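Going in written order, the chains are labelled A, B, C and D, and every chain counts its residues from 1.
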Amino acid sequence: MIRAIRILAANPLSLVGVILVALVVFAAIFAPWIAPFPTHNGAVVDFAFANKPPSARNWMGTDLVGRDLFSRILYAYQISLVLGVVVLAIAAPVGTIFGLLAGYLGGWAEAILMRIVDVFLSIPPLVLAIAMMGVLEPTLTNAMLAVTVMWWPWYARLVYAIARSEREEGYVLAAEVIGAGTAHIAFREILPNCLPAIITKMTLDMGFVIIIASSLSFLGLGVQPPTPDLGSMVAEGARYLPDSWWLTVFPGLAILIAVFGFNLMGDGLREVLGVDE
Amino acid sequence: MSLLSLENLIKTFDSPAGKIHAVRDVSLEVTQGECLAIVGESGSGKTTLANMILGILAQTSGNVLFNDTVLSPKRTPDQRRHIQLVQQNPLSSLNPKRSVGASVRLGLDTYGIGARADRWQIVEQALEAVGLPANMRKRAPAALSGGQRQRVGIARALACEPELLVLDEPTSALDVLVQARVLRLLNELRASRGLTYVFITHDLAVVRNIADRVAVFQSGRLVESGTTEQIFTQPQAEYTRKLIGAVPVVDPDEMALRDKLAESS
Amino acid sequence: MSALLSISDLHLGFKGLSGINNVLHGISLNIAQGERVALVGESGSGKSVTARIVLGLLQETRSARISGAVKFDGNDISAMNPKARAALRGTDMSMIFQDPTSSLNPAFTIGRQFTEVLRRRDPSMGADACQERATKMLGEVSILDPNRVLNAYAFQLSGGMNQRVMIAMALANRPKLLLADEPGTALDVSVQAQTLTLMRNLVADHGTAVLFISHNLGVVREFADRVYVIYRGNIVEDGPTQALFSDPRHAYTRALMSAVPRITGAGLPEVPEVSEDFFAPQISHGGVA
Amino acid sequence: MSPVLRLLLRRLGISLIVLIGVSMLIFTIARVIPGDPARIALGPNATPEQVANLRAEMHLDEPLVLQYGHFLADVSRGDLGTSLYTNRPVTLDIAQFLPATLELVLIAGIIMVALGLPLGILAARYRGRWPDHLIRIFSLLTVSAPSFVWAVILMLLFAFYLPIFPIAGRISDIYDIDRHTGFLLIDTLLAGNIAAFGDAIRHLILPAVALALSGIGQAARLTRANMVETYDKPYIEMAQAYGFFPSRIARIYAFKPSLIPSLTIIGLDFAAMLGNAFLVEAVFAWPGLSRYGVAVILRKDLNAIMGTVLIIALTFLIVNVIVDLLIAFLNPRIRHSTRAT
């Protein structure tokens, strides 16, 4: 713990990451209280203030129907974070179990499990999610489902690689000689040695899930209006470039800030936990 | 009475470049209470042999007998329990994410040794038996020196209350001063607990001071076996003489022994 | 003979997260032209870092705090700039490492690596001249089929073969000083014995001075003219090999000597792992040229 | 048989298995669709008879396994069915749109490697010092935004505010180039029209950079990570002990052994670009597969969706086999795997 704080202190970038993530999480949780126009979360119109550049009243300007962009971005963070947490809470454990079993058992289990993973990994991540959203209704739940389905194999691959190298370590041999069961060796001996890498990846992935989810809604395949979403805000605004630049630039920056925060934090965590890239 | 016998053990591996004969038709007896040294250089098959004794690796053909019972490679828990291992590398043999005590306790939990409530106490006794303080059980392996880790490895094996210990180069990763103390500990434990050792090593000087009998291996073959005294004073095989001749020595009488062997070849 | 390498009062510390960690506490050591000197000690005694300071490698590590004088061939290495130190390496000084196979680059053939080494001394050396010189050097280390070896990658050769290649490379530019860090410890004992004999004969022929770093007293006795014993960053005893081995006087040296198992079967004596006496002042048997 | 040839056959075999798996996955996704594909395809005004006919034609009345069998048989004949959106064979549609996407992705891949690897080498060479920190911040920034955000930002900066590059499209209307390959960079050269070639390049730069940006960051970080690991190897210490210049050690002794593990991942990054191309094409109105893909998805055009995904997966598998061969060629351990270990 003391070591962790020392490393973080010696690494100002990671500290920046922690602060950015804290800000984003804070903004999402307290959006209803922070947002200057909390009702602009939904289908509200205020044509008197439609499509206005940033001002003292609307720090980031207003959208085409006069809603406050800053308020909508705060609410969009809520959606992004919930989506990220749900996706990772499912994808990480599923992938971990797959990877652990394939990596430790070897043989047929390895061949079959990893071929399944290969199948998923041989469709570019975004394309798989796009294809799934193509057949499903564009709702938040389905977006989570699509992103989860494309995400778990990456955990399987990561954990598989670690488990396969840990399998050769002396402590696994020791447990086998003593006669410990497969479940004990996989989950009590090997898994703890995979955790630092998994936790690091989950932190970094919070950012990447936000990217993928916003990409889906950018293509019109994710969360639907009037629910605020960073990706669809950029898509909507892109049609009014360059005049109404704030419509795209601020939601774009909002994505950048959140993801950059998770990336910096994950990078720092990698060092603290001693995880290889 | 022989505790362990190996009958015509053969192990062959397949590789893209053809078959690899790791162990070629080896027969050996290990008597209750003795220390048999298995000596060889890399590629001699000594580790493959150890893995077959431990039931980690299935032999291609031949038998492993323990207490006159044929052991199949799929061992029962009880058969596993009586043959335990001490590994070479004290860095990798302990799980870095588990406490020293948890590692030692594994055998107790696996075989149901002692009442559940007493097990931490048994772990502490096991640590004290190998010369470590009882409170070390809560420490992480990273906080221990190489010698301490190796002692934990011994305690972990002994916690299963085995009859036979396979020691795979147990001191070759240690400094000389530490090695001397660990070897003394192993000798004391063997005497006090009536243990039987299969001591795998490439270091003939260590063998001379710990083994009762020696089996010399080269490229998977048993080249020569005999009592330690015989092997070091009247080695029969050319290879054995060469191995003894290559040992770097420090004393004049050691040099005399080496020179004598060189003359007789 | 004048001293080729003279180290005096060398201190080394590493700056870590929790302050400075001292590794060398003022060691002094001399090597004459053509002399074979061993630095013997256990792991963590500071023997390997000493070699890396002589080579000028540690000076480039930012966390290292070095003080004291290291004179090579009359020039103070610690006062040189990094370029001047680099110019000595691979020409007047060279080094042999513990594990020959992993010390050769897996992505290039032996021949290519040999050529690069030769061009350290003479950048204008042509491909044919390099090939010829490499072949000759491989012959000196008793490699019978130099062409096969030059066209091979390290992973295609045995450890003993790679060790010979390393020795040939290290001596190819006729260095004045060879640093050998636990040479061949990763090899089988019989192969190690062969290559050490080979190396000893070669450096004697070439008149190359050697700083031989080892934890193995037996190997040291067979290789070195003179020995320094190092314990936790202090030299505890030094002297000509014969004198030191027949009459070890420092408590640490005595413990170390008695802890080595003998092939004559002298038993396993009771030795302390640490003792107050191990930190007693240095004892010198003289014999420094 | 040479080791490289053996590897090639092995990889092709595995790729075939994976491709069959992909077809199963796509088929599963397509059948998950809620509702009747035939009804959706024909729209609300179709008569029950028409729906029944189409259902029979699409084998929708048969068990799933048989349906998959028909699908696989069609695919292996090169028949991906008819698009309900364009009313043309899906293969024709893809042949029309794929080259534009491939051209974009290939150029982006070249930019990624050409900038990412040197940045990684530089960071590893000066690890822990300011060039390393700068490159780290740059890399983290580039991977922190989806490529459509970079596309919008680049477009705003270099097409609107500083009008250096064209805003959208593949080539200006004034050029009329015969399409032979569909790759405009090649077609313009075939036509001998240097001005058109230059124009096509100017159109390519912004989308390709937007697509490549996150890849550059990833390639740089990966190269750095692998090289830093290599720097701990004894052979690097040996190179230092022989006094080679640090820049030479970085470029030659440390880089080459580190390249091999990096290449596999770079292949995967390339795959990610095939997906991200959808986003960039949308911003720059690039007439590639994305426009077609999004259009068919919004119309629930199943044949076209399945065909498009299958072709993208196939492209990706081909890239992977090429990367593996490249690795085999670069890695002497594979080229000379004659000695058993």
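Of note:
Methods note: contacts are C-beta pairs under 8 Å (C-beta built on N, C-alpha and C of every residue); 3 or more make two chains touch, one makes a residue touch a chain.
Since this is a predicted model, take the numbers as computed values, not measurements.
Touch-path distance (fewest steps) from chain C to chain D is 1. The busiest chain interface, judged by C-beta pairs in contact, is A-D. Rounded to whole angstrom units, the spacing between the C-alpha centres of chain B and chain C is 33. Centre-to-centre, using mean CA coordinates, chain B is 54 Å away from chain D.
One simple way to say how far apart two chains are is to compare their mean CA positions; for chain A and chain B this gives 50 Å. Residue positions 338-339, 341 of chain D are each in touch with at least two other chains.
The residues of chain C never reach two or more other chains; the list is empty.
On the chain C side of its complex with chain B, the touching residues are 42-43, 188-194, 215-219, 221-222, 245, 255-273. For chain A in complex with chain C, the touching residues are 3, 6-7, 10.
Partner chain A is touched in their complex by these residues of chain B: 54, 56, 75, 77, 80-81, 83-85, 87, 89, 91-98, 103, 106-107, 110-111, 153, 156, 160. The touching residues of chain A, counted against chain B in their complex, run 169-171, 173-180, 188-189, 192-193, 195. Those residues of chain A that touch chain D in the shared complex are 13, 115-116, 118-128, 130-137, 207, 211-212, 214-215, 218-221, 231, 234-235, 238, 241-242, 245, 248-249, 252, 255-256, 259-260, 263-264, 267, 276-277.
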